[in-house]
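The two complexes that follow have chain A in common; it is paired with chain B in the first and with chain C in the second.
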Partner chain A sequence: MITLDLLLHFWTMPFMVRAVIVIVTLGVTAGVVGVFVNLRGLEFLTDGLTHAVFPGIAAGVAFASSGGPFWGAAIAAAAATAFLSLLARRGVSSDAAVAVVLVAMFSVGVVIVSRSHDASGQLEQLLFGHLFTVSVTEVIVTAVIGALAIATVLITVRSQVMTAFDRDAARAAGYRLTLVDLSLNVAIALVVVSASIAVGNLLVIAILIVPGALARVWARRLTSLFTIALSFAVLGGLAGLVGAFTISVGLDIPIPPGAAIAAVFVAAYLLALLLFVIVRRPNAGGPR
Partner chain B sequence: MSYFDRALVVITLVGILTGLVGTLVVLRKRVLFAQALTHATFPGAVIGILLGVSLQLGAVVACALIVGTITLIGRITPGGAGAASGVLLAGGFAAGALAQAFGSNVPIDMTALLFGSVLSVSTTDGVLAAVALGLSLLAIVFAGKHLVYAMFDPEGYRGLGYEPAAMEALLMVLTTITVVVTMPAVGAILTIALIAAPAAAARALTARLGVMLIIAPTLSVLSGIAGLLLSREFSVSAGACIALVATVLLGVALIVGRWMPRRLRGEVVA
Partner chain C sequence: MSQSARGNNPPPADETPSELGTVPTIEMANAAFAYEGVVALDHVSIKADAGEALALIGPNGSGKSTLLRGLLGLLPLADGSVKIFGHKRRPGVTEGIGYLPQQESTEPNFPISLRQVVMMGRYRRIGFWRFARASDRSAVNEALEMTGLTARARARFGSLSGGQQQRGLLARALAGKPRLLLLDEPFNGLDQPNRAALLATLRELKLRGVTIVVTTHDLDLARDVCDKVLLLAGTQVAFGPTNQVLTLENLQAAFGDVQVEVDEHRVVIPGHDH
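The block that comes next holds the complex of A and B.
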């Protein structure tokens, strides 16, 4: 009954403790920032940013030591954010151009990784994460970056909400929209950077988009939007983590924890939608 | 036929196809939808391989499921189709990774599915690409005028007694088969570059649809072959090289287009 013993005492294992801390931190961060992603309809910008950050992470892994990926990702995110803001400012809102440039950045990352040895294994770890093997340094950096992201949106929360509901009115009221957009983009980029290491570059999009989208289905007020998104992100993350651990140890199938978390999130979203359709409360759906 | 010759043939077929269909996708502003589809091919391909059926069959089924779900969710949910497609994008990658973990006795090269492996494409991949190209050519030759009219003026199209939704559906089908047959060569993530970049470049150089339908496939084939040669020269991922060449060509086209006289681009000069 060694397996059962293991399963029941997962919190006594240091690597699981680290994973739990990371996932709770990410849940709180992504829950808060994700609400704004949903309100502002920035799902595809987020998807693009996750791709754009990838070459930074790859270069960090290839050329630097343990802190490398974070710095590389931060630099790439800053470049992509600046570039996107520039495009928006110059009125080039062509989604084709944006999609192409971001995929191109991703390709740069692939080229960097494919030059190194064990390219395939490294790529998979970068894409699907290594939550079970995060180091103490990575836990601390995740927490610091997450705090920065939350601080960025909380400082600008008023203008973000105003802009989300009525862009023109916000402009008329004197909010500097470029600044508002830029700070939200920076916050999204920060979450992407901190989450990429743990859950993997391809799965970040799940923890950033799903909590906000799920909360939007049921919430009717702004405060409940945040409450639902935040608690769902933390609980769903923990459920996915424990599920991945149970399956990995109990059934001896090594599933990537990031993928398990993303799967839990998506399944919960579809379930919430289904419930919504069945119950269909009058006036439900909250702010549109 | 050596593996390199086969790669050249497949990349040429796929280049013409992405150029043609990409032009329609870019004009209709369906790039983000096409991107969601490319991501959906990944779990489909993994499951297709695990079940022992073809990669393309799995990918087509996954695409059909995703299109259906996005359409359905977009109707019923607050937040709209954007949020729905975002969630499904994430779900696609997670499903692919999980399926691979559960079927770990079947070896699957994940990086090949994500970033393509044009050097290891099979003859079947080539035949499927040729069939897809034939179907798209038929659609453009026989329904091209309808497609474009419905695209630019759906209300007017309805007024003529036709159903614009039918043309929308035709474009979706064309996009899906393009994405599915391009994926083995360029990969689930990078396919969108070959669909969007040559077409956007052609759009920057000309306002005439007929000319776009020639420039875009040419640029796409050029990106494919140049990317392939570069990747052999520097021994790096071919899919990534192809995507990068396509991007550089788009950048050049944007700059050239800015300096071109409007008359030369075929724009109506007021």
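The block that comes next holds the complex of A and C.
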């Protein structure tokens, strides 16, 4: 049984310090990018990109060395982003294109995993991540990719806001919407790549979508939208991490931290919705 | 500054109409516009000077919005020529042009204040890297004042009435200090007070030398504020001074078999809201 002393001093454990740095980095990154996912209504595209990255990570694990999963994810994300953008330019319905990419890429990933010797173990790690065992290199890679994702949306922030609010007016103002869309897709893909390795492929969707959706329930201004989403992504991530640590070490029940984080996010979102319904705050910008 | 030195840029916002000389704001000669290779509007030859208001009138699908998109450079020119501020129109060059799209193009639940919406009209001038300057904030304040919305600046855009939202979007277009203002059905769904306020703003803009192009089904509006009318039916039916164009003959040519009634004071097209 874990002692209270151990819980209060988990900062002294290097693996927890690395996990905390990763989850705070991901919280900030996903909080910022997730707001734009929500404002632009790109939740399904994000889901598609998440699944599209899966075979890249699987191939990286199966066929390459330690950097394999990252490069596999990056290549798969770039291919999926380019393919979806190309289909959008050709006038193919966005949802249809995402659905095709999602199914095709995920099935390829499952086939790759099923060919390996330790298929079930690998599958669990790919789906739920390995936050407690991230290396220093992975911490650095997560931070660098996160910084790139934030830079991508901040550089285009005005065009992203205007396009989300009034696409016709943004086009009329001279913004090239193909580039605006592509830059946001790239930012989403970067977050998916950086988060997939740490919290797992299936749970990336939670960290990217839930903070923005929760903030949208209550926020009445862009500034409060960003503040709530970012704060929640960081604090919710830390709560899930500490919860998983406590249960795994204290109660000796192994809980993947990625799953615990997703559970905290979803529970908090449901609570926010419930409070919204009870209070009935006159906010037309409530849940979409 | 000579016209040649300006390149494709519009005249500076502080330049008065008299300084603009005789260069028309809009000059189209036999212009045609196409969607994906299919011509949607052709044979348009018009001219509008600084301080003039031009009404685009025609049935649904007649090419009114197509013409606005053509002026914005969002549609390829299939034939003829288009000059704005004396220079050939170029795609993506929209400086000096303000645009008010139809109101339903906005996301109604967006968490944003009216002031932030109006500031969007300054985004292209602000650019990627810098924050809004005092001149940007001043332009926003002026646009809010001109549209009578200063007191509502901090309100969430979605909480405003439909008429206030429409005036707010006009303020966004005005914040960019346009010399040419394109309005797509700006009076749709407006109650009488908001309609009167919008009309007053348009008259004030004309006095300041702004050229206005407005699509409308409202013939009274055309008579009230517009100097010229362009009647459309997939092609140019008639163009010229309002009183000369809004005749029974021309309207019947534009609206086909829709019954058109003309009395002493007004022209009525049954089935259209005005």
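What we mean here is this: the second predicted complex is superposed on the first by the 277 of 288 C-alpha atoms of A that agree within 3 Å, B and C clash if a C-alpha of one lies under 4 Å from a C-alpha of the other, contacts with A are read in each partner's own complex, and residues count from 1 in each chain.
The definition used in the following text is that a contact is a pair of C-beta atoms (placed from the backbone, for glycine too) under 8 Å apart; a residue touches a chain by one contact, two chains touch by 3 or more.
Note that the structure is predicted; figures quoted are calculated from it, not measured.
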Next on the checklist: If we overlay the two complexes on their shared chain A, which of chain B and chain C does A:156 touch? Say first, second, both or neither.
Outcome noted: second
Item to check | Superposed model, chain A: greater residue contact from chain B or chain C | outcome: B
Next on the checklist: For A:46, using the defined touch cut-off, is the partner it touches chain B, chain C, both, or neither? Pick first, second, both or neither.
Outcome noted: first
Checklist entry - Which partner does A:171 reach: the first (chain B), the second (chain C), both, or neither? => result second
Checklist entry - First (chain B), second (chain C), both or neither: which does A:225 touch? => result second
Next on the checklist: Quick check for you: in the superposed arrangement, does A:275 touch first (chain B), second (chain C), both or neither?
Outcome noted: neither
Next on the checklist: Looking at A:216, would you say it contacts chain B, chain C, both, or neither? Reply first, second, both or neither.
Outcome noted: both
Checklist entry - Which positions of chain A sit in both the chain B and the chain C interface? => result 216, 284-286, 288
Next on the checklist: Going by the contact rule set out above, which residues of chain C touch chain A in the complex?
Outcome noted: 72, 74, 92-95, 97, 99, 101-102, 105-113, 116-117, 120, 123-124, 126, 128, 156, 158-159, 169, 172
Next on the checklist: Using the touch definition from the top, list the residues of chain B that touch chain A in their complex.
Outcome noted: 26, 29, 31-32, 35, 73, 76-80, 82-91, 93-95, 97-98, 101-102, 104, 109-111, 114-115, 189-190, 192-193, 196-197, 199-200, 203, 236-237, 239-241, 243-244, 246-247, 250, 254
Next on the checklist: Give the list of chain A residues in touch with chain C in this complex.
Outcome noted: 39, 155-156, 158-159, 161-162, 164-169, 171-174, 176, 216, 219-222, 224-225, 284-286, 288
Next on the checklist: Residue numbers of chain A touching chain B in their complex, please.
Outcome noted: 38, 41, 43-44, 46-47, 51, 94-97, 99-101, 103-104, 106-108, 110-111, 114-115, 119-120, 123-124, 127-128, 202-203, 205-206, 209-210, 212-213, 216-217, 253-256, 258-260, 262-263, 265-266, 269, 273, 276-277, 284-286, 288
